[in-house]
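Lettered A, B and C in written order, each chain numbered from 1.
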């Protein structure tokens, strides 16, 4: 899989999308409305209660936006590809991937590279910048670097988890509900972790490490207490992404091998 | 009519194929309720705010999470699927009312959800988080009525979206927009009494509140008698209005389908 | 020189059991049971460079499974398989570079984009040098008359046009072997004809080895001098079409037009195939008495207007082979 091939694929994907230009624009617009809805409800909530676990509205907006932004980034390389895998395996089109002289994982994610996340990215990116401005933070350049690394790592966490769920297709055939479960789990990280009990905090730190997506980076950036991760480990947090993504990839390749062994 | 109940039964049986997901669904509902419970505990605490106690909010969250599983929110994607695959033509030539078929098919799925997801989740939530009883017998009966209205309105909204998709050809965009409107105005997470006055005023005029806020608020007895009747009356008006619009659009959609050759 | 060597290949699938009924549905929540089934069972054969081999058998005979193993998609449960000297699933990428695969029912084209874009992408995937790409593309496009619709989006093509494109694409990287899984399924006679002619040319002139599965015997007759017949995962015949006909098609179809309807005829050793009153069709074996003797015996007893003798078409031969297999459950001796 070369960069040349990837860029060729993206050019074709763009061309394909442009066949349905109006639909693409309408869909992006609708997604922005939908996510604006989430922001509005949280805003109404914060208007009523002022703070949750000590976090005020712009801080919650920052937390939520990092979660959404990284999701969009990671999902563009994983969600549609992985949730579509079930159908591809059932209909046998997955086989056509295995007869190409390329890495099947890289080809799958590039072929399905989803440009539609531009809606998520624009709304969460806008709110993120607004929140940072609103908070009037005295950030040094290391803080900005930290945020950037956290965004990349968060995207990789999302992609890694979605990839791992996709890999279960090779074993269980029906995986639709696992994706719903992922989205339900993802709801946890829309709010500061300390509001949850120790079990949930542990679950989101060690089990399904979604807390590394936004809570830990945001807490360190906003100087909040984090009970499970000591302050000196701040710079280790952005390593979670590459680690989880690597594991997700390994698991996927393992699943694909298993598929080759077991057959459709 | 018995034909249509057969569709309900068939949809129910079809869903049985997915029963291995029952455990996962239970877990998913548990998560959803847990998140809301923890949020309310965090902001209302044990003392309670001026008007609302934590117990009330827990009950509110459980009711809304489970209500969401019952709503007929797959109607529009089903129609979209038939439109894209072209099977809509064969469905239209059957001597049946297509909208009624959709309704009863959806009810079958809801029935399945009720037995395999809602009941077990309800018991689990009741044990783990505790639930308040209905405010009174009258409120409970009104709550059941409100549930029925929620089912009907969720069907009508989904159905309208699927009809509009005949013209806009983007079911995806329409259903995301509907989802956004439901998020903002249903009050299924944040009760409308916590909305700022202007937002609450708008939400209380729209049909989306019946998909979340209204049944739970009735159950908890948060609506006084006058409000209760006014809300139910408005709900009925919305149902009639949406029925009229849907009927009118359906006629146009069928004609359009015939002209375009399906 | 053998280009494909299959030696004692077995592929076992596991099938998970669902329990019926309501009690069963509760049970499924707790347990999973499975049964094992051999889709391919101890299969051995070799294919030489430049051959064109038809691989056929009834539905569920394990044809696709075998193709998937030869193309490196599936890993055999047991046995050895070598394609171009390598084990396909171990050297999957290297193998993929050397083979072309066409699935009749699974398109590899970009639905919403013009045909050229799919070709273009193929060039990048297989890293085909510019000059070779242009040369091969031009050849395939002219032989398969693709020029006329190459700028159309794939979704607007007919099934036959699409299949021509799929086949052309599979050849752009100059594969040594071309695998085709039911390439003519669902096509009209004209499209089938064009594809068969093209495949024959590719095989005879460009020396591309062809392995194809099909249900259409004409595909075999026109493209493949050799055929492999499989049933229930086992090889039951390996040889030429003519040899199989000689072995199984020894009967002759005799159509006799009588002057008047002789009514029900009961002649020992002869089967009545079709009775249209004065025209009757018989199946006559060649044994002690020749077909001609049978016919003249009938003609001596009844007034015969006309008689014609036909050999069985390959379709009937294969049907007979399957029927025989179903009744005996025993493979006939291998030829060749």
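The rule we apply is simple: a residue touches a chain if its C-beta (ideal position, glycine included) is under 8 Å from a C-beta of that chain, and two chains touch if they have at least 3 such contacts.
Being a predicted model, the structure only gives us computed values, none of them experimental.
Distances between chain centres, each the mean of the C-alpha atoms, put C farthest from chain A. Relative to the centroid of every protein C-alpha atom shown, the closest chain centre, again from C-alpha atoms, is found for A. Separating the CA-averaged centres of chain B and chain C is a span of 53 Å. Averaged Cα coordinates give chain A a centre that lies 46 Å from the centre of chain C. Averaged C-alpha coordinates give centres for chain A and chain B that are 28 Å from one another. Contact of a single residue of chain B with at least two other chains is seen at positions 20. Chain contact summary for the complex, chain A toward chain B: residues 22-23, 26-27, 29-31, 33-38, 40-41, 44-45, 47-49, 52-53, 174, 177-178, 180-181, 184-185, 187-188, 191, 195-197, 200. Partner chain C is touched in their complex by these residues of chain A: 2, 4-5, 8-9, 12, 15-16, 19-20, 91-93, 95-96, 98-102, 107, 257, 260-263.
Remark: chain B residues 18, 20-21, 24-25, 27-28, 31-32, 34-35, 38-39, 41-43, 168-170, 172-174, 176-177, 179-184, 189-190, 194-196, 199 touch chain A in the complex. On the side of chain C, the complex with chain A involves touching residues 11, 13-14, 39, 65, 68, 71-75, 89, 92-94, 96-97, 99, 101, 103, 105-106, 108, 110, 112-113, 117, 120-121, 124-126, 153.
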